[in-house]
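The first chain written gets the first letter, and so on, giving A, B, C, D and E; residue counts start at 1 in each chain.
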Amino acid sequence: MSARNDSAPLLRIEGLGIDFGGLRAVNDVGFSVLPGEIVSVIGPNGAGKTTLFNMISGIYLPGRGRVVLADEDVTGMAPHLLARRGLSRTFQNLQIFQTMTVLDNAVAGHHLHERGNVLADLFCLPGSRRRSRASEASARALLDRVGLGRAAHHEAGSLSYGALKRLEIARALALNPRVLLLDEPAAGCNAVETEEIDRLIAEVAAEGVAILLVEHDMKMVMRISNHIVVLDHGEMIAEGDPGSVSRDPRVIEAYLGTQATEAADAER
Amino acid sequence: MPELMQYLLSGVTVGAVYALVALGFTIIYNASDVVNFAQGEFVMLGGMVTVFAYGAGLPLPLAAVIAILVTAAAGVALNKLAIEPARGAPVVSLIIITIGASIFIKGVAQIVFGKQLHRFPAFSGDAPLRVMGATILPQSLWVMAGAVAVFVALWLFFTRTLTGRAVLATANNRVAAQLVGINTNYMMTLSFALSAAIGALAGVLVTPITLTSYDVGIALALKGFAAAMLGGMGNPMGALVGGLLLGILEALTAGYISSQYKDAAAFIIIIAVLFAMPQGLFGRKSTDRV
Amino acid sequence: MLSVEGLRSRYGRIEVLHGIDLTVGSGEIVTVVGANGAGKTTLLRCLSGIQPVSGGSILFRGETLTAVPAHRRVARGLAQSPEGRQIFTNLSVEDNLRLGAYLFADDRVEKDMDEAFALFPILKQKRNLSAGGLSGGQQQMLAIARALMGRPSCLLLDEPSMGLAPILVAQIFDVVKGMRGLGVTVLLVEQNAFGALSIADRGYVMETGRITMSGPAAELVADERIREAYLGI
Amino acid sequence: MRLPPKYTTLLVLALLIALAPFFFPSSFYYRVGALIFVNGIAVTGLVILIGYAGQISLGHAGFAGIGAYACALAPVHLGLHPGAAILLGAAISGALAWVVGRPILRLQGYYLAVASLGFGILVAMILTNEAQITGGPDGIAVPDLGLRPVLRDLGLDLSNAEFWYVFSALALGLGAWLALNLHQSPTGRALRALHGSEVAARTVGVDVARLKLQAFVISAVYASVSGSLLAQMNRFVTPDVAGYMHSIEMVTMTVLGGAGSVLGAILGATLLTALPQALTVFQEYEHLMLGLIMMLVMIFMREGLLPSILRRIRGRSE
Amino acid sequence: EIRIGATLSETGGASFLGDPQGKTLKMLVDEINANGGVLGEEIRLFMYDDGGDPNRARTFATRLIEDDEVVAVIGGTTTGTSMAIIPVFEEEEIPFISLAGAIEIIDPVRPYTFKTPHTDRMACAKIFEDMQARGITRIGMISGSDGFGASMRNQCLQIVGDYAIEVLADETYAPADADMTPQLTNIKSNAQIEAVLNPGFGQGPAIVTRNYAQLAIDLPLYQSHGVASDGFIELAGAQAAEGVRLPGTALLVADLLAEDDPQRPVVEAYKAAYEGAHATPVSTFGGYAHDALRILVDAMERAGSSDPQAVRDAIEETSGLVGTTGTVTMSADDHLGLTLDAFRMLEVRDGAWTLVD
């Protein structure tokens, strides 16, 4: 915990909030994520987790507050500009490039690093070709990493739900992000598959990427988080390390439920 | 001042024609996301069949009813023979099918009805009515009444009936619609029948004003489409308001600016409106979240 | 109640179900577990009729369903809460629920809707909002509630706990358990295999389009292979 | 060694173009061929816009009109060489596409369609109404490209139809090559990505607005060149070239052939250009047949001619 | 056999013109063949529908020459299609008789290009003469924006000065417009205007006429030869059309012609044949095709050959040929061969066309 204060945060959120009509979907949320750290955001359904992600990644314009990415105020910046600054994410409601192959989906994630000029692309100049080849190689490696290597040439639309979730992770990683936002990456995966994803996330974090995670699988969250932020009705109701959060009575009441806590304890 | 009044009356007359055509697009669009490019041909069929039935000696109201039924049957046939077999095809492919259907129907009409212009008598005579120094033909009132009646009927259909909502559900998510027990094929057939019937009704009402021939469909469909988009596709209110607005805009431009560029003015305004309201005046943004 | 024999299904040229045999007795809760891409979703899609079947047979209450279109199966009592939720995003929450009871127009619809709202109070709060604006978990609740509105005698649930907060997962499993008392048969596909097996009567294990194991749920939970492959214990 | 799909496509195209004349019963077919290629150019541009980027335009005939009238007017009023007029037309079209594309491309689906339709109608209307300059609805003559005499001096004596067959085939080849390059390039991939999911494309760093605009401009240039070539081949042009029927025809060709593939779309152009010639035997049943065939193709080959045919061939070989 | 080609706008915006032309050609060719053909050979007609699209017309022109190997071509229903295909025939040296109105087709004279309809300019002249005779000096114009309307408007504006007539209002409407009251209101509100001229064809003029009556505009209304048919009165309504004048051909008033009018037998024969074969009344436009074929056949018979060059020369020497449009006498610098008296000023009286004397 003390380590948190040592290095400069990669992502800092201050007093972030947004309203939809009369609904305060998110209000006054603030925390920060350090390089190599995994911060989880948990909370009941409709607490505002995905909305928070959407504000951080530039899909919604925050109504209040600031988002600071590596000391730069990026509040309300367009998603593609954020991507160029190293922010990458996955989606709770899958956003797959359906008609492209699995490989092309992953390569598209690498877009930033192969971005050339339309004219060069039109005339197939050598630079453009070289960049293409390089991104393909790194995309393949990523697909192998998430276990989709064999499906590289399938049309993305033909994958099962769990496979698509992993494809999204691969695509987000292809960006070589500094900050990675994962919205329920383990949804649709069984316990064993979830552990694989766990490992992957831990590896990525170990490379120095700041990770912000939304997940309802408490076992996973408790296992890998360095820090946990709890939202309820858009407000932060608790924050801290896994141990303290999981014992926080307010969190138990609003989110975990006594049954689940007991079950988890029993399993442990 | 009487000029302005005359422009407005003209605009409302023409606008009601556009609105009727635009309303016809609504149901098929709401059931399938397809803009039916053959909608103009339904309007043509409505007018043409009435012309010939009336010409054969039937009383006008009966001729009109026959025309509407025949056109509705054509709509059902279009769905059964062309749209349903292509189930699962991308929306653009379905649109091309409707373009093909429009060419086909026009081709048939050209052979069956010939290439002459036709009209039948206005329902309530040709004596113009005077309104504040301007004049309007009684048939225009019929067209306006028709547009309003269809609008009200559609509005009730989509907001007050379960079937109306089932039609919306079919377009929104076909698989889910089947999973709750909606017979999506039937919904499509129904919507083609209703759209065609509305188109035919439009044809019946406007022919005394605009005249009809085998190839009036495209021009009407184009303006109706533009009107529907201006108002917001799929929303009956949008079709009505979009149509009237388009008609009035054209009339005012023709009256005050330039009759050569009246269509241009209409489209410039459409583009300007869409720039401010990308879903048209009454269109709702779809709320798919990520 | 439901019996499946030699069921085969394909996407285009690729067969993904290679002959599935499965039965679900009346009032039983049966769960199917399996890895990503095993074909669980495809199986449920075949049962509800939105996925064409290329071989085998489906018998429901003694009648063969293979040629019955999806919307008629609903009338026979088969309802599904599909993968990916598949709610009507452009319609209001209430309309979504009302359409769940599309085949009915009696007083019970109101009552069922109230029950759904009692089960998921958040849906009541949002009843007039368009369903596309709901959070992921709220949409999942809506999908389940909509399936319940269809008064099924057999309920097909595809990962109902997905995206739900732990407190609600527990609640969903309670609801499923409660189905037994109402005489509703349930076929449950779950990634939370531990939870599913602990409320189910029997279970099937599916691997790449085939059933590889089956038995009473309690036995499966205890099975070493299953614990290792699916429960992560 | 297997050829990459790009070269396979170009090779197939080149073979077809080179071999077809051996089957021509009369030199009239050179004319049909040239028309196919000219339409093929416009349609290839639309593959980039519709097939890759998923944006519908019902106004591309407007750009064809600009290209065509540039060839009619620039040589007379600006003293430009007809060849340079093609470039001028392309430049104007590109610039105009860039200007109108900004607001228009914010729209989606049918809203984009109607806005672009409005643009096309505007162009057609100016060409029709400004009769002092454009010759009005009855059209205007276009100066000759003047390349044939040059070729003749070089010892290559081609008839008018033959010349245009070769010339437009080369232009199409170039257009197809560029479009195929784009397909596999980062830009092409990004275009296809935004077709799949705009949100996701944004979050991987695609500047969606800019990219759409680029696709729009490129396709406008294609349409413009197509219009220019048509005008110079016919030596005469009327505002019909900019009419919405022409726009709809272009989109129909693209989708009918298979919007995602260059070869497919060219196949669509071939079908819709050659079919009316073949259907003249049906006399007054011509239109009916045309509509019927369009419907049948789309019903039985819902992804378009070429993709469906390929799928079927692959399906059988397995 | 002798191969003759035609490319007409049987469909599309100009189908009112092209359709009767196509029907006429087919009917007459059958008739000629039934009577032994020309020069002892059968005529074979290759006819295509260009839909009014100049690009398609050009393709069909090439096809007629290269593929069908015809010796002469009739067609080009519209000025646009005609102008688009003229270069083909001039280059290939095939005689071509256009059925379109604009003066550009035969002015300047091109060796192989002829036409049968009087020019729009002549129609304008006829109308302006009539206006002059009635003492009208200030007029309003409302024209269709299609090729026909725009071309005639253009030519009328060019010569209107010669008649000391001033155009005070110049409105247009699009071919498919449903209501012209705004334009007519503008004309009406200009108190100086003494008459209104409406160049156009199709439904536009009928709607203009109806709106004219609706607005109770009390000035003489002139239509063009574009609507010279009985259908016009029916569409506009007899009441609204009452008093409308237009320059028409003898065809429209066949039964009103003087017994000794040289055109009478010709137009009566054509009218009877056409109306016998088709359920629709004859129109001026079908007459253009009738005359074109007659000119062609006459030239072949005089030349004693169907060789394109010989036929061309013979057409140029056509003299005193009585057609439905008028009496045709061509020369090396007149490839039309009609004079203004080909037009007759007609007026609707009691729901029927009558001759204005």
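The rule we apply is simple: a residue touches a chain if its C-beta (ideal position, glycine included) is under 8 Å from a C-beta of that chain, and two chains touch if they have at least 3 such contacts.
For clarity, every value in this text was computed on a predicted model and none was experimentally measured.
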Neighbouring chains common to chain C and chain D, by label: A, B
Most widely separated chain from chain D, with each centre as the mean of CA atoms: C
Pair joined by the larger number of C-beta contacts - B-E, B-D: B-D
Between chain D and chain E, centroid-to-centroid distance (C-alpha), Å: 36
Inter-centroid spacing, chain D versus chain A (mean Cα positions, whole Å): 42
Between chain A and chain E, centroid-to-centroid distance (C-alpha), Å: 74
Sites on chain D at which at least two other chains make contact: 129, 199-200, 284, 286-287
Residues of chain C touching at least two other chains: 133-136
Chain B: positions in contact with at least two other chains: 110, 260, 263, 288-290
Complex interface listing, chain D residues touching chain E: 25-29, 31-32, 35, 128-129, 131, 136-139, 141, 160-161, 230, 234-238, 240-241, 276-277, 280, 284, 286-287
Interface residues, chain B side, partner chain D - complex: 35, 82, 85-86, 88-90, 92-97, 99-108, 110-111, 218, 222, 225-226, 229, 233, 260-261, 263-264, 267-268, 270-271, 274-275, 278-280, 290
Interfacial residue positions of chain D with respect to chain A in the complex: 178, 181-182, 184-190, 192-193, 195-197, 199-208, 214, 218, 260
In the complex with chain C, residue positions of chain A that touch it: 20, 43-47, 49-51, 92-94, 158-163, 166, 184, 187-195, 216, 218, 254-257, 259-260, 263, 267
In the complex with chain C, residue positions of chain B that touch it: 162, 165-166, 168-169, 172-173, 175-184, 284, 286-289
